[in-house]
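Scrolling down, you'll hit the structures one after another.
Same chain, two partners: subunit A is paired with subunit B first, then with subunit C.
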Partner chain A sequence: MSAHVHAAPAPVGGRLLNAVSFVCAVLILSAFAILALRFWGGLGAVTNLNDGYPWGIWVVGDVVIGSAFACGGFSVAMLVYIFNKGEYHPLVRPALLASLFGYSLAGAGVIFDLGRYWNFWHILWPGYASPNSVMFEVAACISLYILVMWLEFSPTFFEKFGWTNAQRKVGRAMFFLVGLGTVLPMMHQSSLGSMLIVFGTQLHPLWQTMALPAIYLISAITIGYAVVLFESCVAAAGYRRSIEMHLLTPLSKVMLGMLGLYLAIRFGDLIVRGAIATAFEPTLQAFMFWLESIAFVLPFWILGSPAKRANPANLFVGGAVLMIAGILLRVNSYLIGYQTGDGWSYFPSIPEMMVTFGMFAIEVLAYIVITRRFPVLPREDHAPAGQAA
Partner chain B sequence: MHHELKELAEAWQARPVEERLGMSRRGFMQFCATLATTLGLPATAAAQMQTAIEQKRRPSVIWLHFQECTGCTESMLRAEHPTIEKLILDIISLDYHETLCAAAGHQVEAARRQAMADNKGKYILVIEGAIPTKEDGIYCKVGGQTAIEMTRECAADAAAVIAIGSCASWGGMPSTGPNPTGATGVAEVLGKPVVTIPGCPPNPYNFLATVVHFLSFGSLPEVDHLGRPKFAYSRLIHENCERRAHFDAGRFAMEFGDEGHRKGYCLYKLGCKGPETYANCPTIMFGDAGAGTWPVGCGHPCIGCTEQGVGFQKPIHMLAKVKNVEPPASYPSVGEPQGKGASLGSAAVLTAVAAAAAGAGAMFAKNLGKSHAEQQAAKDKDGKQDNKAAGRE
Partner chain C sequence: MSSRRDFLRCALAGGAAVAGAAASPAAQARGNAEISPDAVGLLFDSTLCIGCKACVAACKTANNLPVDINTTPDSPWDVPLDTTARTFNVIKVYRDGKATLKDAEQGGYAFMKSSCLHCVDPSCVSACPVSAMLKDPVTGIVSYDKDACIGCRYCVAACPFGIPKYDYDSPTGAIGKCELCRHRMQDGHYAACAEVCPTGATLYGKVSDLRAEAQRRLALKAGDTTIFPRGNLTTGDQPSWEGVVPAYVQHVYGEKEVGGTQMMKLAAVPFDKLGHKPLPERSFSSRSETLQHTLYGGLALPVVALGVMTFLAKRNMPKDDESAGQHSDKREGGQ
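This part shows the complex of A and B:
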């Protein structure tokens, strides 16, 4: 990493119990209650899943979208350590924190969604595992990445508890962990797209393409930056800190660059395959495709000029819109563009949605608790910390 | 005279096999391949059988009849692929067979003893019919000998003993209670296991394939614990039954001539013993009577004739014990739920959450913009003041 001097990370401090954490706790408790019902009475007791739609929002929301949102850590780490942009270093820890919980909960979400969850270990067990399957690749990569990320983030805990010996040991292996932490998400974020290729003609031509792995990977990296913009703005406002505009403004430019690459591949592929014609048919799929495409293009208009990028409101809206675009791409390709035959339909039930909201609530609560008590965000001497959250 | 006959016979044997069998070379090879398939053996086995059958020396076969109806022999005579009587007379040297022998009386008994002496340790003994054992077996005598004596005498020097039909296998129909003659199977009388080809009558090809296996490989085919060749008796009739789909779907004929019976539904509830009877009837049919002609194919429940304790013992109308899978009390629904669309509640919740998030985001962005504008204004003011200050200096 190039030499940059940054304020060392420090706990934000302040009270843990407030309106936001209370709402989160209520959502989390109700999600747990519903999950107890799910493990008691089976998937049919709480979800609208059926044989035609075995994957609902627990997979698409918690795992596919959740892990894409959790790409902030990986995207920023890649920028700092691989492309040697040391100036972004203060963003790494908070981004990694969001990723850590995003991925850990995605891993947990898979177990909620497995009908025979007690067999979950089969996919990684020699003899049961099928190394030729895309699913195996996703499962193996995500499990390994969760482990790697906890190790990457472990210095935060070691600092807090003063375990200098452990911190030194992890520090020595950190270059290797960062390398793994960059390769693993690249592998499985692209595989989340490859899984759809296996669906064949069940997937609408607007989404069914051999370019899906590239589309999924590049959109995940782009969304990683969008999440960092979003999260930095919200954290700064919540903790009454100054927004790190000197980092976020250039980061948004990097994001637009990746977004340009994404759009070139996405539309290039649609035109080359001729699938773009189906976008002009009067179907729900075409409508959703345009919604998704507009959400992907809007950030150029929101953050197009240097003046606009200097305004934190635009950074926040640009990041949020791109996150919505990422949601739409994944929901469209996994659920709306997926037609398994006449008569099948799926819309999440209220308990199903409550679990997904509960999962996101866990992420928010964990972020609040850890940033207030552990050294994650850079030290800020002039601002009063923790007036509200 | 005897010498001349022998020469004549040798000349007959010297002719090519296809001429002897009265069939084309191609037909003969097809026959061998068919037998190999019946036995479940590879194509190379057909070539071995061909060589064995083509040999000039035919093995001697002695065929005994005891308490039976001659159905097994009848069934054998009606086989047509090729006509079995040609085969039985040309592939093997049938030296003694009470139904087919032209000779009679002491002459034929002498011929049997002569053949046994000439082929000591090499001939095949086939026994058809149950052997009565009560009162020293006086209920069945041939040429003054009881069936027990005859069996023991002939089996002593035989290369192989084959019990054909259910009667010879375990006693069959004559052994049905109260079994006044004490009818029993060959194995029990000899006190050692023999190959059994049960059935009433058995399919001739099961017998023939066993004999040809012996000719070709010098050993009898693999058998189960009851001495039945596994190639023919290792599967339940139920497993390959043409009406099996009806059983699995729960469609049964409830009485003879009802709608289900006319439509060819499963005969299980009419007492079909297919689920507890081991035999290859569904695959090679019954006898050689043509396609689809076996009891179940014709609409009659299987009576379990190849299965000791079932055939001739359980009443025909009695329900069989299903040996592989018992039919379940109920079947899973085939009309699976195809999923519910959005309900008013779920759509409302999703919309409300999305709207709340959008509203919060908009408010948040507005505040951020406002504080940014204030900061800009302050900065501009500072800048102007700085400029003024610079101007004064």
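This part shows the complex of A and C:
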């Protein structure tokens, strides 16, 4: 690993106030205004939630999808430190940063979806906490993982503030933090799938399976790589930096390997259970299943050959399509495939969506502020364009 | 090249391990929960229900519940259309065609009670992360504690009967559902719906007694006369009456469904017409908990995984590179 010499991470610099950060700020303020209404009038005041669909996009979008998108840090750290692929090292910090915010916001986002949020601490409190509940497992692991990630990322802040002593102390425990940082997300990303098992026959057979933990875990790792491709391309374009093609091209091949494993498990399970037959029925669920499956297969076509993988546009599109596939799997299994009885329907309200947009805006804004002011992205040889402007 | 093969091998092994652990019926597998010998419950006989809704009103009074918002706009009194966080019991009607004949599938009508079935192995209790939903080890009543509840609504989503409901119109909304009037039991009372039922369509008692009564009725010949108890079957506190045996569907709904329920139902119209879909005998909570206990029993699997990951991370992390993302050659770095 020490054979790989990379450019050190350095702040990108440049102005914090621009069109993107302004739009983010507006979205964030609207989200807070809507949340004030929610805390004043109850969940029904701003959401379309009902007893047939008690979970909407705040749970499925902000937590289930949000945390899967935040798997970049976990996926890349696993590649670098567990599978000893040191060449991907420069990707760790930016990926970890995105994960840090994704998870911290997913954790915070849960609070305003909880109907009795003032009791939230019960979930980790002996006497209340119920280990039989899959949600307990998710909550415990996500809470711990957020803490671990802040510690993993803390050297960036220590470096900036010159706290070498603290930096050294965290550095000595880093191997253990990395170990925890891979096991904890494995546990809760699989459990986000296991949460659906207790729904029983309310969940369509295309998604109700004991393989859900494996399906959710492998897809989350795969999406982790997709997010890194996507983010690296966006960061390169946004900051007018060169794209790290020498890293992203082989990473996309790793992603395809994981994707192959995912598809083998997903379709193997459907065939073994015989549930694949229901995919040929004229139902909304079957249609959405094929949409989901196409999105999972498309990256093979987009990134199938070395020539295609050498094209940054393909990396961006491949990553984005796989992220959409991840969204579809999660929306399908939590909402479309969930049929609780006749007469119930759910589509998110505008205010509900605005809150979710606001949450993503916080992530984007925080990413901009931190990468411009803290050493996260690898140093560029030439002066960053943002600084010259 | 070899390290890439290593990676793929590791990834495949990891995936296979997860898939294997998830799919195999492991040692920690648990079957359906057993019913307590002193479990209490209800027997609802659709053929005896006259749709008077005395039970709906009594339930509201006994539980001190407000007028519901889920009511028909022009009705002068509280007519809840379904159970909500503020209505724990409703009588629903099945209609077909002109709906003239009681308990006839074609051209007839039939009543059905909708309230908590107090499952022997409840999904809501298994789902609840904070022990707000609990099953009494003796009576088997599934209780709810709003002071423990975090309002996550996992119980609402998990219940196969759609029973626990959340109050979305309150900033401090709670879950609402039937608790079999457990708060009235110390005064010698029992479920208010059964107490007030004029025909014994809703009967309270020990589940063992109720099951025997249900089987007795199914064994009767349609058209014969028989005695129908009222109120509390176990104590026989109310006078019974003689009536004609209806043509029952030969099925006690709740005897086997999702591991059995402590409220059971009899009807003369097929149950799926009365909003009761067929359900498997294996409880969903036993499937979910078997999976969780297989993966996390004694935390063995996570601890082994952590050991392996920590070992690999230690081995692969060079001394000067111990701050995840830290540059491997500091001399070149700096700001």
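Worth pointing out:
To be clear about the criterion, the second predicted complex is superposed on the first by the 381 of 389 C-alpha atoms of A that agree within 3 Å, B and C clash if a C-alpha of one lies under 4 Å from a C-alpha of the other, contacts with A are read in each partner's own complex, and residues count from 1 in each chain.
To be clear about the criterion, contacts are C-beta pairs under 8 Å (C-beta built on N, C-alpha and C of every residue); 3 or more make two chains touch, one makes a residue touch a chain.
Just so it is clear, the structure is predicted and the values come from calculations on it, not from any experiment.
The superposed arrangement places subunit B and subunit C in clashing positions on subunit A.
In the superposition on chain A, A:Ala313 makes contact with subunit B only, not with subunit C. Legend: residue contacts after superposition of the two complexes on their common chain; A:Gly52 is shown touching both subunit B and subunit C. Between subunit B and subunit C, more residues of subunit A are touched by C. In the overlay built on the shared chain, the residue A:Tyr346 is in contact with subunit B alone; subunit C does not reach it. After overlaying the two complexes on the shared chain, residue contacts for A:Ser130 are found with subunit C alone; subunit B is out of touch.
Within the superposed three-chain model, A:Val234 lies in touch with subunit B and out of touch with subunit C [touch as defined at top]. In the superposed model, A:Phe357 lies in contact with subunit B only, and not with subunit C. When both complexes are overlaid on chain A, the residue A:Leu177 reaches subunit C alone and has no touch with subunit B. In the overlay built on the shared chain, the residue A:Gln167 is in contact with subunit C alone; subunit B does not reach it.
The superposed model places subunit C right into subunit B at 328-336; the other stretches listed in 310-318, 328-336 or 346-354 stay free of clashes. Contacts of subunit A with subunit B, set against its contacts with subunit C after fitting on chain A, overlap at residues 49-52. Of all the residues in subunit A, the ones that touch subunit C in their complex are 1-2, 4-11, 39-45, 47, 49-52, 54-55, 77, 79-86, 89, 92-93, 96, 113-117, 119-120, 122-123, 127-137, 139, 152-153, 155-156, 159, 167, 170-172, 174-180, 182-183, 186-187, 190, 194-195, 197-202, 210-214, 217-218, 254, 257-258, 261, 265, 338, 340-341, 375-376, 379. Subunit B meets subunit A in the complex at residues 336-343, 345-347, 349-350, 353, 361, 364-369, 371-372.
Remark: subunit C residues 3, 6-8, 10-12, 15, 18-19, 22-23, 84, 123, 126-131, 146-154, 156-158, 160, 162, 165-174, 258, 275, 277, 279-280, 284-285, 287-289, 291-292, 295-296, 302, 305-306, 309-318, 320-330, 332-335 touch subunit A in the complex.
Interface residues of subunit A facing subunit B in the complex, by the touch rule stated above, are 48-53, 233-234, 237, 243, 311-314, 316-317, 320, 343-350, 353, 357.
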